[in-house]
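Heads up, the next two complexes both have subunit A, just with different partners, subunit B and then subunit C.
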Partner chain A sequence: MAITLYDFELSGNCYKLRLLMSALKLRYDIVPVDFYPGRQHKADWFLRMNPFGQLPVLKDDDLILSDSGAILAYLARKYDEASLWFPDDPAVTAEILRWHSVADDITATSSAARLALGYGYDFDIAKTQKGAHRIFRLMDEHLWFGEREGRDWLCSPAHPTTADIACFPYVMLSEEGGVGREDYPALRRWTDRVRRIPGFVVMSGIFPAGRAL
Partner chain B sequence: MSSIDPVTRDLWQVIAATDEITVGVVEATLLLDTRIALTRDSDGSPVVWLRRDEEQGDEIDPASVLDRLPAITGYGYIWTSLGNPPKELFPIPEYAESDRVNMSCGSIGIHVSAPRAVENFLDMGHFPYVHTDILGAEPHTEVKEYDVEVSEERDEVLATKCKFFQPRAALSAIDGMEVEYVYRVPHPFCAVLYKSSPEAPERRDVIAIFLQPMTEERCRAHLLQSMIDSTSTITDLRRFQQTIFGQDKPILENQFPKRLPLDPRSETPIRADKSAIAYRRWLSQKGITYGVIPVAS
Partner chain C sequence: MTLSLTDPTWYPIASSDDLPFRHVYQGQLLGRELAVWRADDGNVNVWENRCLHRGVRLSIGVNEGGELKCQYHGWRYANRSAGCTYIPAHPADAPARRIQNRTYPVREAYGLIWSAANDDQVFQPFPGAEGNDWFPLRPMPVNAAPEDVLAALASLAPDDQPADLLPGLTLHFGDTYYFVQPVDAGRSVIRGLLSAQPDSATLRHCNETLSKLRDRVERAAAKKPAPEPLNPAFEKVSAELSTMPEIAVPRGNTLTVVVKRKWTSADGVIGFELAPRDGHLPTFQPGAHIDLHLPNGLIRQYSITNGPGDLMSYIIGVKQESASKGGSKVLVESVREGDLLSISEPRNNFPLRRDATRTVLIAGGIGITPLLSMARFLDKSSLNYELHYFTRAGDVAFRSELEALNGKVIFHTGLPREQIGSTIASALGEWSLAQHVYVCGPSAMLETVRATAASQGWPEASIHFEYFKNDKVIDNSSAFEVELARSAMTLQIPSGKTILEVMRDNGLTVPSSCEQGACGTCLTTVMEGEVDHQDVYLNDSEKRSNTCMMTCVSRAKSARLVLDI
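Up next is the complex of A and B:
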């Protein structure tokens, strides 16, 4: 087996895969893609792998995959022998996919605001920020009720799943898009828990959690 | 709208990487609270003007732009001015050395004033904590004594003999090494650092940060690398620099106040801040008020 990740350091969607592969102790190679300023994700050689022109792309031997949520599911199904990160149970699968979809909404809002403010993308900043706050409010409520029921993670299993990894990066990077998290205490406590998952790694812009009290 | 002091108004200000501006296509940006439009003409030369109803991405005949702002290219970037700029940009002679790899590393918006970003660039004290295992690592946290002067002749702040232990000083570094830095601040919103090159220890890699003050509390950082590196690709070298800058970004954006206080009593300095103190004093003496909190008179 040889895994190659086509990667941009400052991309939260690429970081999701680095994070899961670190938790799973998988070895992989990185091919850096100059997303900014080089726009290599729109270059012919990249579009041949992913016609949608989006990072990340992951190659596992001859198999070429794109979309961070799909790749998270693939890696977990294939390499997590304990089947914890993406369990077989139909109801849990639906829960996880539900949150993968929320993760895409976080990308369309929190990440878009970050791209607009930091990287010159022409998005409606106020609208994307408002959208991010709406999602964070819902996540905060979900996590707050979860804590009262003894559930630490986004989905019902007593351990993190790919749903937590999919939603984590652009929650953590939200301040770069001008979206503060002061009003979401349960969301903040969840980001601390994610940062204490064994095998956790950082990316540029995300720092390790402080010591547990 | 804040007022622009005359010194700032007459400076050259960076606004874009030359390569990223397409001939005949409008790029829009903000400089000193002022809406700016730019493009390049058929020779590739920059054309810059005060933006009216043009939109980003519009096609335009550059020859039709009659009322232009001053424009110049240098170090891979386009510079303009809202006033009467000097004839030339400040010098970075190394940029012209033929065996160097010169590259822009992106123009990244940050929610802090330009002088705050310059000051962070001058600071070595944060290396082990923010750039852990790259530009610093515990327990090597000490900032040793170094020299700072304001060169009258060149009108710039100069910090020399800055030494720091770095686990991975550059992409070309194999082992940790004690690295010697020289910092120059040749422009109120630009800083240049020289550090021993792992590949050619007698020469120095050059990394510069040019800040585009957009508002008093927001700027764009334009990064330049001029490296001695015969093996890495541009993509690899950009990635290394962006990794560093991506770590600085949240730290910078959490600084408060976002404008740089120039009153020596406003923040408590330590030895590591010697260059920052000289920089603040230099700004004060120049009469810069944009993006700073001036000393109360």
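Up next is the complex of A and C:
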């Protein structure tokens, strides 16, 4: 087994895979892709691996995969012997995929606002920010009721799943897109819990949480 | 209604449940951003949400239980006082400068955290507050002016039971109170209190009602011009803050404390708990001591044993020595619980680095007191340390406090003299980079630790010590001239008088504490001349450098000294 991650250090979507592989204690190689300002994800050699021209791409021996949510599911199914990160139960699978889809919406809003403010992308900033707030409100509500019902994570199992990893980075990086999280206290508490998962690693812009022993 | 930055009203700013263990909550009231956190002792802190260093939000910081650590450069601030306790860029120095963050008043009541822009009003429970088991609803942020939100809430009341409008953006109907938290001119949070514990259907129903109300109010607000946000002024913090010279605390600046508790901790060691008459005591750092003004006029120094952010009282340990010159003797024999004493503000000449890979703490007898405090700080920050505590046979002072620590605490009780040296040698081990040892105890033991450490490769800068007293015989026979460069004064020091005394005679206010060359308070920079060091505070290389001296005992070998005073 030899895993290679085509990675951009500042990409939250690449970070999702680094995070899960760290939690699973997987060894992997990194090939840096200069997303900004080099736009290497639109270079021919990259498009041959992923014609959609999006990071991340992961190679496991000869298998080439793209889309962070799909790769999270793959890594969890293949390498998580305890089957906790992406359990087999059909109802839980549906729950997780539902939140993977929310994660894509967070990318389209919170991450887009960040790309517009920090990386010169021509997106409608006000619209993407508003969209991020709409999602965060719903997440805060979901998590607040979760705390009342004894559920600490986005999905019903009593442990984190790939859903939490998929949604986490662009929630944490939202301030770089001008989206504050002060109105979402339950969402902020959830980010503390994610940052206390054993094997948690940081990326630029995401600080560790203190211990809570 | 216009919001005012100086509105003294108490408003709820969070639910109690918003402050779980080791979390930092981000809030806002009347335009001011707040970092809100609960310390491990249960105390809730409401602070201005910025680090005094570079202005980074403290709400992204780390709640270490007794201190809040800024994420940016690791400045730490104490529970209750918000005083700065540690600056990692200056790991060997105590941040004794008066660096203190802005705090706001706080009360926790009825499941909510309340705060106000200032101290002008006493906290008053809302009418009907007492006698109910209140449940706070999920807070509902609304992007609309507080008065519009209040009006919309009033419209929720049934026609036959109109809402009862109360002061402070509050209203009540049925068994529910609603408080509107004025976040800013155009932003609010609805905080509802139910008078009994609800079932989950009720909670969902309330949340749905308030969500719909929020959407309606926000749609209306979007059609109006946005109100001008409040514009709170921030006090400027000097950019030089971290390199500013220490502000000298004049000797006369004392606090009155009450002896809250006095107990026998171990054979010959009496514990004293000293509490303020109201509020909390000043910030201190691990290793700090206070001057205690005794009823018989003597002044003695005692180390603070407390852990981080523990400011409701200072706990000191006093050894009753048979050879006591009337210092600890009067404390032990005549000071009783309930008595008032004067103490100085804490001063730290024995600062603890928190960037070590390994910290060895070595205590002999009553020398445990500063090291207990250090161990408690390291413990809360989950830093690696070993505490070796040497005592004579018999009971061990502060045993229960030491056993409550999570780190490595080793008791060496009643060791024969010849074993002490080898035990110290193996406790220290060989030195490697970023290891530090701190030692406090009898002079003979300090000498052993210093010599052993040096022989095992520990550089002087990694050996930190605090003597109880200076056992050396002071030779004060020399006479010389001292020029005070900043004060533009030249003083003649006759034999029999200290530099410190002559400076005082000439009207200068200079800080000092033990006045026997042990505590380090009167440390002064030397610009010219050769110093005759007679203290036990400076280490050998500091003495050789001839750049600093203790004016309480040390003198001149040359005819003239120039000091940076």
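In the analysis below, the second predicted complex is superposed on the first by the 212 of 213 C-alpha atoms of A that agree within 3 Å, B and C clash if a C-alpha of one lies under 4 Å from a C-alpha of the other, contacts with A are read in each partner's own complex, and residues count from 1 in each chain.
In this text, contacts are C-beta pairs under 8 Å (C-beta built on N, C-alpha and C of every residue); 3 or more make two chains touch, one makes a residue touch a chain.
Remember, it's a predicted structure, so these values are computed and weren't measured experimentally.
> Is A:Y36 touching anything from subunit B or subunit C once the two structures are fitted on A? First, second, both or neither.
Only subunit B is touched by A:Y36; subunit C is not.
> Tell me the contact category for A:D89 with respect to subunit B and subunit C: first, second, both or neither.
After superposing on A, A:D89 lies clear of both subunit B and subunit C.
> After superposition on the shared chain, which partner residues are touched by A:G178: those of subunit B (first), subunit C (second), both, or neither?
first
> In the overlaid three-chain picture, which partner chain does A:Y119 touch, first (subunit B) or second (subunit C), both, or neither?
After superposition on chain A, A:Y119 lies in contact with subunit B alone.
> Under the stated touch criterion, which partner chain does A:G210 make contact with: subunit B (first), subunit C (second), both, or neither?
second
> Do subunit B and subunit C land on any of the same subunit A residues, and which?
Residues 207, which sit in both footprints.
> State the interface residues of subunit A toward subunit B in the complex, per the touch definition above.
Residues 8-10, 32-34, 36-38, 40, 117-120, 122, 175-176, 178, 203-205, 207 of subunit A touch subunit B in their complex.
> Going by the contact rule set out above, which residues of subunit A touch subunit C in the complex?
The touching residues are 141, 144-145, 147-149, 181-183, 185, 188-189, 192, 207-213.
> Applying the document's contact rule, which stretches of subunit B touch subunit A when the two form their complex?
So the residues of subunit B touching subunit A come out as 17, 20, 56-57, 104-111, 233-236, 238-239, 242-247, 249-250, 253-254.
> Which of the residues in subunit C end up touching subunit A in this complex?
14, 17-18, 20-23, 25-28, 33, 59-60, 62-64, 69, 71, 138-139, 141, 189, 200, 203-204, 207, 211, 382
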